[in-house]
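There are two complexes below, and they share chain A, which is joined by chain B in the first and by chain C in the second.
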Partner chain A sequence: MNLIDKLATWEDQISPGISACVGCNVELTLRTCMKVMGPNTIFAIPPGCMGGVGVVGWDKKSGAKTPVFFPLLDNVASMLAGIKLHYEHIGRDVNVVAFAGDGATVDAGMQCLSGAAERGDKIIYICYDNEGYMNTGYQRSGSTTKGAWTSTTPVNHSGQGGKRQNKKDFPLIMAMHDIPYMATMNPAYIPDMVRKLEKAKEIKTGLVYLHVYNPCVTGWGFQSDFSIEVSRLAVESNFAPLYEVENGKFKMSVEIRNPKPVKEFLSRFKKFSHLTDEDIQELQEWTDFKINRLKHLCTL
Partner chain B sequence: MARQLMKGNEAVAEAAVRAGLHAYFGYPITPQTELLEYLSRRMPELGRAFVQAESEVAAINMVYGAACTGSRVMTSSSSPGFSLMMEGVSYMAATEIPVVMINVMRGGPGLGNISPSQADYNQSVHGGGHGDYRQIVLTPGSVQESVDLTVLAFDLAEKYRINTVILSDGSIGQMMEPCELPEMQPLRGVSTEPWAITATMGQREHRMLSSIYLKVSDEEKTNIRILNRWRQIEANEVRFKEYYLDDADFAIIGFGSAGRVALTAVRQARAEGIKVGLLRPITVAPFPVQQVAELSKRVQGILVTEMNGGQMLDDVLRIVKGNCPVEFFARLGGVVPFPDEILSEIHRIAKGPLSVDVDPRSAWLDRMAAIVN
Partner chain C sequence: MSKKFITPVGDEGIYTLDTGSWRTFKPVMLKEKCTNCGLCMIFCPVGSITGDENKIYEIGYQYCKGCGICARECPTKAIIMVRESIE
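Here is the complex of A and B:
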């Protein structure tokens, strides 16, 4: 079956009528992920956009069609570890999946996720990285790009301010836990996403970590009809490369032969509109350094 | 200074700045986030420290570290975030350092919701963290009172080297009201307190702050010192407001938002000729024990009203000791009572009969069955 047929055949595990922003590419990501995971799935969504929009089923009319838990920012992986143990005990093979934002993953939830990865808890952890705490109005997170305006890294009238620290390289941090499978995904590359999710479902030897880069229409400031286009630019500029790490072996999923300047990506967002040429140059060098390191890792 | 229209959370933030806040540590959570956002702009503008931590656990321990230097430090959160902070809260209490914490309470338990609640009364007043400790708990009923109590909180925290909590809620944090802000206090330099850890610079003896006393007799002494200090606080720092109590036949006791709603009901009842008054504790720790005890000897009945399941009610019952009947009315889980509801409770109580033998919580739950179902 080809991809189109698969996506047409598989049932959408999320009901219509959830209240995500117009053009939200996290909703597309969630629907795609849960379609592949299928009905034999229990998943958890901590506080964040996808919790806020009603996927957990506030009104008992909309939301997920599979059992869904609402853990906290600091305990997603722990809660799922407990759930998985029960299903292992009764001998039922079920996909136990986290769908968590970057705040719950790279900040508050890092300790318990790291513990679950090290123990080899058999859960699939998907992080939708929109670079901040969007559900409370876009505060910075450890995953926010350097220079970005957020509601807690303000920019003054003369254009000074923004976040002062670099984004945490969380996919690499998770890969370094030597888990069986780690991959990055992007809503502009659905076939790649589906392939990785199908692979993730087959892995029974430990924790799988999937990191999705999701530019946020409302928080970052861009028109909703460019939601997929700007997501693709993140890959085409090597700003958020697509790669996977299977049993310690790094492999690029999408090779970009002639990368676009990161300026082309950054200039699409209001949150970077105050950046100077020097700031952008610094982010270009940072991007170059990271892609070169990644390519080197792929040769090992 | 002119009055200005401000949101509760932002007014508290500005009040803290003007009270000489050196450093703020926080983490986003509704309905408190505006406080964090406001200080992310305001503190760097003044060359002061603002840190958004990676979790509430991190935030409270940053507060712990900074407070040991004798600086004016603060954090803020809402109910679930405060639960995460409890380890640090206990450690700070044991270390006897001044700290100000703002809890903009929301509906619980668990994840609950983001609507106003008063359900963290027990957590703040009767512990929450482990071990024997007390903390001062101030309960504002308006934006202006939030401002005034924030300034007071820093002074009390330093005077007694104690955790001081402002127990606000989602309605007071989110509402906009006119308020008058205090004058800007000059920012203090390095602390001259004899206990503050500020680096010896080779000029003086080392100082030590600790929350660990492996010799049990030392731990016992520390516990007794903390309790004796609390006795002083109980003697000197009780604060409350009284409304129409002089000739009252019945009294309502309620704090914060619930107290404010009750006041509207009391005024309506007075207009109808019912002699009812209100005692609104400002400090729920230390609790106005003497005032409640005296009140219980001269009224025909007391109505406790809260936005929780009767947490303060237990304290009131302990003080009243059967002197007069105590009744209870609450909305909870994020529901705020309407003045009408409290007014009909006043009507019910004024009509009687009342008995000291009725369990007020149980009777209220029976009445609630008709409202909730």
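Here is the complex of A and C:
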């Protein structure tokens, strides 16, 4: 049975008709993740896009088939650690999964996630990185790319403004916690995503961190039908490379032989439309530096 | 849909948020061009495209938001987007 047949027969754990934006690839990521995790799962969604669209069921219309919690922005990992300990205590094996946005992971929830990683709590933490607080109108976060327009880093008529700081390399930060498994995923590479999720389900020795790079239709400004195409471009231009770290060993999941220029990826979005050639060159150099460091880590 | 959930949802049960009414363009599958590869099914964000053991894929219009990802990603261009008519 190949993967597409498996995905066709696995049960969808999220109710249809959730109010995510048209063409939202986070909704695709959530449905795929929960299909793989299966019914024996307890998951938590902190405030963010997927909480806001009604997966947590607060609008009394939509929801999930499995138990779902709605924790605060900054206690996701610690709350799930407690839930996992309880189920270990009563002797039941359940998948405890967090599905958090980048604000709840990279900024607000970082200390409790770092603590859970250090203690080795057996939870699966999935972060969907859409580079900002999208649910409240696209404020900047620690994960926003340098130069990007956001509602808190606006751009004036002559094209000056945008975020001044570089993006936090959070997958690498989590890998350096020496957790048993860390991987980056992308909605355009569903077979790769399913393989990593199945691997994550099998790991029983500590925290698993999975980072998904999700371009946001509404916030970044592109047409909904390009949602998967631009996600693929992020990998093909090495802007968001796909790799995994298993017990400290780095490995590229998708090797890009002839990477496309970062300009091709950046020019797809309205939020980067004010960038000058120098800004794009700076981001290209930054991307090259990152991928070279990653490739060097893979050789160790 | 009725088999998937405890309470039947969609046309034969309770209606949750009617995201089908958001649609301005509707995907239409051209069966003669379709090679049954299933890529539209794995990329559909709302889970509207369903498949069975015989690899026959169908588009359900109950919750389809009309994003157009399936038409864009189809390798044989077997899905076209048609403007919804105003009734």
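Details
Definition applied: the second predicted complex is superposed on the first by the 297 of 300 C-alpha atoms of A that agree within 3 Å, B and C clash if a C-alpha of one lies under 4 Å from a C-alpha of the other, contacts with A are read in each partner's own complex, and residues count from 1 in each chain.
Going forward, a residue touches a chain if its C-beta (ideal position, glycine included) is under 8 Å from a C-beta of that chain, and two chains touch if they have at least 3 such contacts.
What you are looking at is a predicted structure, and each value in this text was computed from that prediction instead of being measured.
Once the two complexes are overlaid on the shared chain, A:K204 sits clear of chain B and of chain C alike. In the superposition on chain A, contact of A:D74 is made with chain B only, not with chain C. Of the two partner chains, neither chain B nor chain C is touched by A:H157.
By the touch criterion defined above, A:R92 lies against neither chain B nor chain C after alignment on the C-alpha atoms of chain A. Of the two partners chain B and chain C, it is C that touches the larger number of chain A residues.
Of the two partner chains placed by the overlay, only chain B lies in contact with A:D107; chain C stays clear of it. Of the two partner chains, chain B is the only one that A:P47 touches; chain C does not reach it. No residue of chain A contacts both chain B in one complex and chain C in the other.
Chain C makes touch with chain A in their complex at residues 1, 4-6, 9-10, 15-19, 22, 37-39, 41-48, 50-53, 55, 62-63, 65-69, 71-73, 81.
Contact residues on chain A toward chain B in their complex (touch as defined above): 47, 70, 72-74, 103, 107-108, 110, 133, 136-137, 139-140, 142, 151-154, 161. Across the complex, chain C is touched by residues 4-5, 7-9, 11-12, 14-20, 22-25, 27-28, 31-32, 54, 59, 61-62, 65, 187, 190, 223-229 of chain A.
Considering their complex, residues 27-30, 33, 36-37, 40-41, 44, 50, 52, 54-57, 80, 84, 111 of chain B touch chain A.
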